[in-house]
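Next come two complexes, and both contain subunit A; in the first it sits with subunit B, in the second with subunit C.
On to the complex of A and B.
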């Protein structure tokens, strides 16, 4: 079962890369040069592996965020906004609250999670109580969050760092910083936290009663309701949890990578989480693999761009193609059967 | 602050037209049971294709036709995935959005050397598209509720088994109207290009999702979708008029915030097509 699932996923990725090659060929780019640079940027040396891991870290969180909602039959496509809200909360607590070392980090993480959860609660509540399509509301609230956090750090606003022109806060206190893990790379302790959260989410979904009920709602809301599960409460809970985890992504960026809130810090980690969650087939442990793939594509694409072999955005095209193949398992199975014939 | 002028009204009419087109397209596809959240990406594709074709042929009318065809192809892709490969409808739509977003950045970088922005290209007056949107909505209202084809498409979304028994080809009907949805989104994309004169990443900026919201509020009827689109178009127009008076972040978030508020307040337990999002397997 596991072998077959992995096989189908790997085949999907190969097919996507194959089509990517056709696109590169049609555009007149050198395919070997593009892939050599993609590899070099993602795994070429210590620094580039560090880049891959640094980029993968927030995507682990946002992928988990997507899959927690997905397992409950919901689509949280607003992880980007929940992440920004969480990042802002982490920055505020990191700057203005004075606490000793480890405790300060923990409180910052909790604050980020709580604010992210609150931002996830809104679409969850509207879905459960009013039947409002969460797909649209999470998307809309995502944009609202990006503009709102940008407003808070705009010039003349109280969180703005007056020493610089760009929209950002001052640095968080030293006690709130997540230290670098593998110098000289940018990898911070956030990746360890991400790993722990993967295990927690797995444990919650597959080893607790509440997690089982959440998945039951995702399988069949009517059957779950019949079985005595409050579907509405599970919907709200799963959106809050999704928001919480997405908020942690923001905290990891603020406390680790940047040590301050910078407006527009995310190149789209929230959206990558959708891809990450889908490629992992909504399994928490699979997220480690899919987020690593996304991180490698991001790190590699920068090198592709720098080298001039092709526009770095070929990586985003590849990402889109991978999803198309991963979500159509019947397609892959048909292809396999067709080959056997 | 003289913002409530005739300009605001005209702007509202104009800005609501792409939202109305997308909402109408979604009405068609959801009426046959296919959810398509790829409308956002499909509109982006329409705008991109408009810019490309207009840039290389110099003829903006051909570009509009190409955008409609491009949108139709995106609709066909989505239909293929939903119907043939039984992918989850929402997931497939998300994939369309992500793929088009990547393609838009890649193609603009490759052809014009600037990431996410095209060169300027000839345009038509965007009012032509806004005007045709109005006509298409009214004709669709008649088509869906007053013709036998309209009845057939509604039956497919409500009771595919019954439609099948009555000799209607369920899958073919679903293909047709999902492609129609794509074509309307492509036309909406052409509006965005012709409104600005070039393609820029983010020019659709969530209007596709707002279109879905308009479809929901419009309760699966073209006229209703138009009404909701006018409301959102007004928010957009107001947002533009307010720029310079309030921080740009607040005016920019206004349409999105309003969409959530309107959905929360105005939503009724709508007459959702019974077979929405399901995969019909012929017995």
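On to the complex of A and C.
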């Protein structure tokens, strides 16, 4: 079963790349040049690999975020916003709270998770108690979060770093910084934390009572109700957990990659998380693979853009094709069931 | 005119891993109603699907109206006058009766326009001729099931069917509708049509057919005349052994302890309409209380209120001293009430979960399976599941098999095993034998009787009146959301029960001026 699933995924990726080649050829681009630069940008040298891993890290978190909600039958489209809120929380605690080294990092992470969870709680509560479609609420709250955090770091606002024109905070305190792992790349401890969270999420979903109940609700709310499980509570819990994990994505970027909160720091990691979760077929361990793939595509496309072999958007095209081929059958099946509810 | 409308000789049809039809000879006389009887999986539907052209047999001959045919598709079969009415109707819910019937054969006027009136007229003529009352302008999704079935039959007749195949037609009908069907079949006979009735219901086979062919495991056991046989003989032919049809009254004498009291329960259905209008019941230990009633009088909702799956709008539910009114399913489970749900796919199991994960559904909070919210003992779950599989005869490759890959009977065995091993004080069994074959039905009844003998209070809700009569110690009749009578199965007669179920009162009482 697992072998077949992996095979299908690999086949889908090959198909996607195949169609991508046709598109490149139709556009008059040099296929070898594009793929050579794609590879170079993703894996060519230590810097490239570092770039791949750096981009993959927040996507691991946001993919897990989508996955947790998905396992409960919900579509969390708002990981981007939950990530921004978590990032802001991490920045605030990182700048204004004075704590010794590791403890400071921990508290920052918890704060980021908590705020992310709160941001996820809102659509969760609305869905559970009022049946409000979470697809809409999470997407809207995402926009709110992005603009709100931007506002908080605008000039004349308290958090703004007056030394610079752009909307950002000052650097977080040294004790809150996540140390670099792979000099001279930007890879930090955030990726290790991400890996641990993958294992935690797997354990939660498949080895705990709460995770069992959550999955039961996702697969059959009526059977879950029959088994004495509170469907409403699980909906709220899953959205809180999803928000928490997305918040950690933000913390990773603020405490690690940038060491400060920069408005608009995300080139769409939250949205990539949706793809990442789906390509991983909603399995935590699969997320490591899909996030890595997304990261590689992003890093590679930057090089393609730089080299002029093709517009950097080619990565988006490839990404879109991969998603299409891998998840179209699964997604369609799920959407049909979801609409029936 | 050949004597036989249809002859099938030596039909062999194989599927991967199973021989569904193993050399079957079947002959349908012109103008007869021929029952095809057998357990689930005996090969009845496959045989008829072969006749209809849905499958091609590996070996064998098919002769229709004296002419042999090979390798044809349903379109051809329809052209040859064979019509099939499937168990799951193939009607478009949003279209009208007339639109459904003429689908694919629409009458045209002026070359382009749909001639609805012509279709309506033709359909009306059929309806009259064959005694199948329908309203051509009604929308299908608003029709009762019995009428939908008549639409399906007319659909076949409209296409010129001389031979009709009805697949489990009575599975979804009320007793009244079954009567109507019987009349319709007689009318069809008068008009010279031949009918094959696929069923696993013994009584209906005898009551509606001229001849009956019994299949078992892909082979013909025998063909008998309905008038010359009885249910016991047919049942033996179907399962190959002496089927126990005897009654098992409780041996317990004396005053029985009350386990659960239900007072004046009212509730609404999913549309918000009152469906339970004041139910009073007493469930006693060592007793099976059967609820008899036509589907739609509140049985399903009753089962849901007694297990915490539906909010009541009034009344009280007591388990011993505890007041369970208004609580959710979890409180009922914790109080020791077991529930065999009427819809095992929707409620009873998470179909995409493995058996292991389903075996603990409802029991997953017990410390033997999960000592803390953060730890689920996988080993204990597997061991427990294996115990149920062995003790209750669940046929499955392993404990990790997905529930959706099991047959209905085995799924039900798992559910029963799960509920029964709780040692509950009360068991609510809603339609527990629905969709099961004779072997499965026997087994379920055995288990319920066993639980009763061990001291549980059992509530049996069943549409099968025979089952209720056979198994219950007391019978309560539900009509229009109320319990209208409580009878002793030994002394009540079927006619009286039927009247109570269909109208809420007995005609002698009605004549005395008692309006219900």
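By our rule, the second predicted complex is superposed on the first by the 327 of 341 C-alpha atoms of A that agree within 3 Å, B and C clash if a C-alpha of one lies under 4 Å from a C-alpha of the other, contacts with A are read in each partner's own complex, and residues count from 1 in each chain.
One rule holds in what follows: contacts are C-beta pairs under 8 Å (C-beta built on N, C-alpha and C of every residue); 3 or more make two chains touch, one makes a residue touch a chain.
If you're wondering where the values come from, they're calculated on a predicted model, not measured in any experiment.
> Touching A:226 in the superposition: subunit B (first), subunit C (second), both, neither?
Second partner only, subunit C.
> Quick check for you: in the superposed arrangement, does A:319 touch first (subunit B), second (subunit C), both or neither?
Once the two structures are laid over each other on A, A:319 reaches subunit B alone.
> Pick one for A:136: touches subunit B only (first), subunit C only (second), both, or neither.
In the superposition, A:136 contacts subunit B only.
> Between subunit C and subunit B, which one touches more residues of subunit A when both complexes sit on the common chain A?
B
> Applying the document's definition of touch, where does A:274 land relative to subunit B and subunit C: first, second, both, or neither?
first
> Which partner does A:207 contact after superposing on A: first (subunit B), second (subunit C), both, neither?
After superposing on A, A:207 lies in contact with subunit C but is clear of subunit B.
> Of the partners subunit B and subunit C, which touch A:19 in the superposed model: first, second, both, neither?
After superposition on chain A, A:19 lies in contact with neither partner.
> For A:31 in the superposed arrangement: first (subunit B), second (subunit C), both or neither?
neither
> Touching A:150, do we find subunit B (first), subunit C (second), both, or neither?
A:150: touches subunit B, not subunit C.
> Residues of subunit A touching subunit B in their complex?
Per the touch definition, subunit A meets subunit B at residues 23, 27, 75, 77, 122, 126, 130-133, 135-137, 139-141, 143-144, 147-148, 150-151, 154, 271, 274-275, 278, 310-321, 323-324, 327-328, 330-331.
> Where on subunit C does subunit A make contact in their complex?
307-309, 328-330, 332-334, 339, 341, 346-353, 357, 361-362, 364-365, 369-370, 372-376, 378
> Show which residues of subunit B lie in contact with subunit A when the two form their complex.
The contact residues of subunit B facing subunit A are 37, 81, 84-88, 90-92, 94-95, 98-103, 105-106, 109-110, 115, 205-206, 209-210, 212-213, 216, 247, 249-250, 252-253, 256-257, 259-260, 263-264, 267, 269.
> Which subunit A residues qualify as touching subunit C in the complex?
Within the complex, subunit A contacts subunit C at residues 207-210, 212-213, 215-216, 219-220, 222-230.
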